[in-house]
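The first chain written gets the first letter, and so on, giving A, B, C and D; residue counts start at 1 in each chain.
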Amino acid sequence: MRSFEIKNRTSTEEIKSLRLITAIKTPYLPDGRFDLEAYDALVNVQIKNGAEGVIVGGTTGEGQLMSWDEHIMLIGHTINCYGGSIKVIGNTGSNSTREAVHATEQGFAVGMHAALHINPYYGKTSLEGLVSHFGRVLSMGPTIIYNVPSRTGQDIPPQVISTLAQSANSANLAGVKECIGNDRIKQHIDKGIVVWSGNDDECHDSRWNHGATGVISVTSNLVPGLMRDLMFGGKNPSLNAKLMPLIEWLFQEPNPIGLNTALAQLGVVRPVFRLPYVPLPFAKRVDFVNLVKNIGREYFVGDKDVQVLDDHDFIVLDRY
Amino acid sequence: MRSFEIKNRTSTEEIKSLRLITAIKTPYLPDGRFDLEAYDALVNVQIKNGAEGVIVGGTTGEGQLMSWDEHIMLIGHTINCYGGSIKVIGNTGSNSTREAVHATEQGFAVGMHAALHINPYYGKTSLEGLVSHFGRVLSMGPTIIYNVPSRTGQDIPPQVISTLAQSANSANLAGVKECIGNDRIKQHIDKGIVVWSGNDDECHDSRWNHGATGVISVTSNLVPGLMRDLMFGGKNPSLNAKLMPLIEWLFQEPNPIGLNTALAQLGVVRPVFRLPYVPLPFAKRVDFVNLVKNIGREYFVGDKDVQVLDDHDFIVLDRY
Amino acid sequence: MRSFEIKNRTSTEEIKSLRLITAIKTPYLPDGRFDLEAYDALVNVQIKNGAEGVIVGGTTGEGQLMSWDEHIMLIGHTINCYGGSIKVIGNTGSNSTREAVHATEQGFAVGMHAALHINPYYGKTSLEGLVSHFGRVLSMGPTIIYNVPSRTGQDIPPQVISTLAQSANSANLAGVKECIGNDRIKQHIDKGIVVWSGNDDECHDSRWNHGATGVISVTSNLVPGLMRDLMFGGKNPSLNAKLMPLIEWLFQEPNPIGLNTALAQLGVVRPVFRLPYVPLPFAKRVDFVNLVKNIGREYFVGDKDVQVLDDHDFIVLDRY
Amino acid sequence: MRSFEIKNRTSTEEIKSLRLITAIKTPYLPDGRFDLEAYDALVNVQIKNGAEGVIVGGTTGEGQLMSWDEHIMLIGHTINCYGGSIKVIGNTGSNSTREAVHATEQGFAVGMHAALHINPYYGKTSLEGLVSHFGRVLSMGPTIIYNVPSRTGQDIPPQVISTLAQSANSANLAGVKECIGNDRIKQHIDKGIVVWSGNDDECHDSRWNHGATGVISVTSNLVPGLMRDLMFGGKNPSLNAKLMPLIEWLFQEPNPIGLNTALAQLGVVRPVFRLPYVPLPFAKRVDFVNLVKNIGREYFVGDKDVQVLDDHDFIVLDRY
């Protein structure tokens, strides 16, 4: 189901060179459908502040809470509107190989530049199964493999990556989004594998001390310009230290709970949550206002005053 | 779920000016998935020969045999590759208002220029129901209403069109694809409604004698240049007469049975059918070869010799 | 995907003997989901009054407005609760052969007794295509073919039925639900094909004068006992005449608009409509109250007073 | 969307009393659809050997590789055929609350006796989010909560269970399938929470030394009678020791890789795998044959000779 006509087709080499990729938030309308106007504003602010790529429907963007048709639509929308300005990487991974194959085929058909692929979380599989799973999707286009055992319950060992890097479709392997830490990053780099840090709190060191190409970031949803500086401006431990309290606040609960709460407080998305996500409690929302003041409102997305928001301001949905 | 960022957004006025719109064929791989390479070639030949729009997933393109995710993907693909060269009109209609609303929202989100909307076939409804159904989708973007009682079992009476033309969202009403005939076309024209003929055998007269803007054509899949001449070159009864045997052949069985058979014989699509469609029988395939010879192979799409094809050349699928 | 373990498996012969089958209404909650409690009450009143079968998700039950998972769930629910008391016939037909095959397989897997199959409406196909389409599903279990050209835009000619009746899977062909009229019914009967009338206004004559086995009825949703009498009690032109004004009222707009309005007025379903259906207007609702009084409230389902209902009592949904 | 008509409705107390529940394997046809005949045979052998419940579409049954309509269909099928002989517990959990709510509603509508609910794996959430997620589904019927951090990446702490046990719908909380170990089991038991071991290698001790009610077992797919003895026959360390090599073999790779390989070798399911699962390698298949001989072929399901099977005997599918 291949097409050679896709506009703005991107080479794997271009993907390999990206330093700041944002795992973009998906905002919702009060009835739970996508709020595309808010989404467009979020993407525009990323482009304006120098992000080079977006992950559409990652765990941050709550791809796991989308139907596949919503998911592919959002990839298509993003490509249509922004494909010339930013690289669009669709999270078309799944713990079901059938779903991953189908979604990846569709994502490339609507023009996405690259795919992000997770190992089969929850169901898990053997190493042979991992190689078979990734092998099925690697043939379709530029691919980033995503390793996050704290979510998947299973590490992707370096030997699996090496096997893929030597497979028939290795030219499509852009690299690895790695959350295990800097030692693992070094292991990959030593074998010539491109790596992005998947941990905002480590990404400065990963980039400048351990050979990572860049970061796939959650925090950049909030402060894209500062994250751009962190990835492009050379070693900058003081900026890194300045961001650390924000990052710690963001990840005190499973992402994107913090991010969703923060973007609502900044007035750039409606305070609408799809369950099982719920907002951070009141005290934490007060903390966020203080964090914004300490870092400087001007570095954050949006132009409204940051607010605490009351519990009753939030809409939490189980049907949508 | 509206976005103001869609690339190549088209005005209703632009849609109203189109003279040749092709209800494009969807070609398949042997396992029943879309054959996007063949599809791309079909669209390219339309652009090259002067078609100004394509209907994606119409009854000709077998939208009724697609899952909605396939359908939206094909619209997104077409916009991504060809949105700058040709108007892309998605058939996001359905006999279920829920489906029509959902698909139309998604189609516009991925960038389609206009929607084609059928009245609720099979289930049918009252005139009030028709107005409510069309009213729900008309707000979303440029819209063509499609009237084909021989398929739907129910005529859309002119008063329904008039009501929509006076509704709050009338600015989105591009016009009507009308299959009832030239008297009805005249009725619409007299009220200032733009009309496209939905009958290839009548479209010459509709265009030049009855005020139709153009045609939404099946035959143009085969001979796009000749159909272009028919819609742009002024009255041309001899060309019309020359095409008539081809048109009659094409519609001897419910469309797209003839078209599918013909495109396979021309070697531009694989001979793969999704049931309930089956190829025309051998004798009819012989007739088609003779038709091509009489009109001239050079006017038809593709550059291979036209073939009869044996029964065993065809793949007919009930699962895909 | 066959199972030999299904409980209460029914033979084709048993299906052939049914005289009163009700095309059961699907009632909704205010958010558009199924109202199973109301549904259960509707089915119970059918059983109590002597209906021998129900069509689940027919056009009357608005199968065309269901997602397939809703549809199969409703079949499964009906079998689970009532499979021992009434024959459960799932309308697993579709204009897409793929969908019909998939749904029929699933319907028999959850235990339905028989399938109702329509010809491919809207998309239509050739006679060869019709035979291929029905042939694919006939192998799975007892099957009733449904002919209603006023909805499908295409008659199923008797020769198609004859071909199926002589095919390898003919033992599964229970018969035809025929809406063309009594001459056609006679044609089928003469060939030994079992027929149910699909027209309530003709069913008395079809049954007693033209050889029909019975009726697949809409009106029996309202007055099951009277319809039972009409099918079981011998010729009864006075009862037939008594029912005629009700039947005419019911079918003044495309079914199930009248039925939905009536059942809401009788207080047995919530006044919730899925678009494209909308209630009959006020004046017609007044007429219904008079019809009920003339025939006798005691013959109608439910035990509340029949009401006119105001426009604002109705909920009309385009998302659900 | 509640019904009070469901046949064989089960009380939470009945669920609480079950000692041997099998997480039943889903067998496939060569094209990847369900092999219902093989499935029926598997369930029948469970009933015959004294299993009291089955989990349908658990991780063992590969619910994560099913479409939801397949999943609900399989629950409906199981209830229809076996609902009077064995308790049918549907794994209608999901990491998406929307999906869990929808599937659970449908599962109870088709008659399942209880639901199994996992915490949101992969996406994860906060403790407040966990309580909200489980709270949404607990209202619908008898519920078992499933805790398996090695798959989900997140432990369900006892306080979440306690909160649910004190909530408005606590009467529906049947208990917990716990994989953390015997200390945790004791914690639950001390609070009056019913627990099933989710680890076959620990279940003997959990049952006889730590207060577990029973086991939700994988191994019982292979040796249901021996697992019945283990749960019903009193302390039996020698039987436990006899089974241990088999259990270790089964779980050397993520379940159900071992189980799928074993059942194919026993000739009771076709050797068909849905990716990302692949069979155990040849040497391990030889080991299994020896294990069967040591324990005794007569204790295993099926009546064919156990075979090693060659690599080319297996069918591994990425589309189905």
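Methods note: contacts are C-beta pairs under 8 Å (C-beta built on N, C-alpha and C of every residue); 3 or more make two chains touch, one makes a residue touch a chain.
The model shown is predicted, which means the values in this text are computed figures rather than measured ones.
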Taking CA centroids for every chain, report which one is farthest away from chain C.
-> A
Taking each chain's centre as the mean position of its Cα atoms, how many Å separate chain B from chain D?
-> 50
Rounded Å distance between chain A and chain D, as computed from the means of their C-alpha atoms = 33
From the C-alpha centre of chain C to that of chain D, how far is it in Å?
-> 39
For chain D, write out the residues touching at least two other chains, lowest number first.
-> 319
Chains touch one another in the pairs A-B, A-D, B-C, C-D
Seen from chain B, its contact residues with chain A in the complex are 1-7, 29, 33-37, 39-40, 44, 68-69, 72-74, 76-77, 79-83, 105-106, 109-111
Which of the residues in chain D end up touching chain A in this complex?
-> 59, 62, 64-65, 95-98, 101-102, 118, 120-126, 128-130, 132-133, 136, 149-154, 253-254, 257, 274-278, 280-281, 316-320
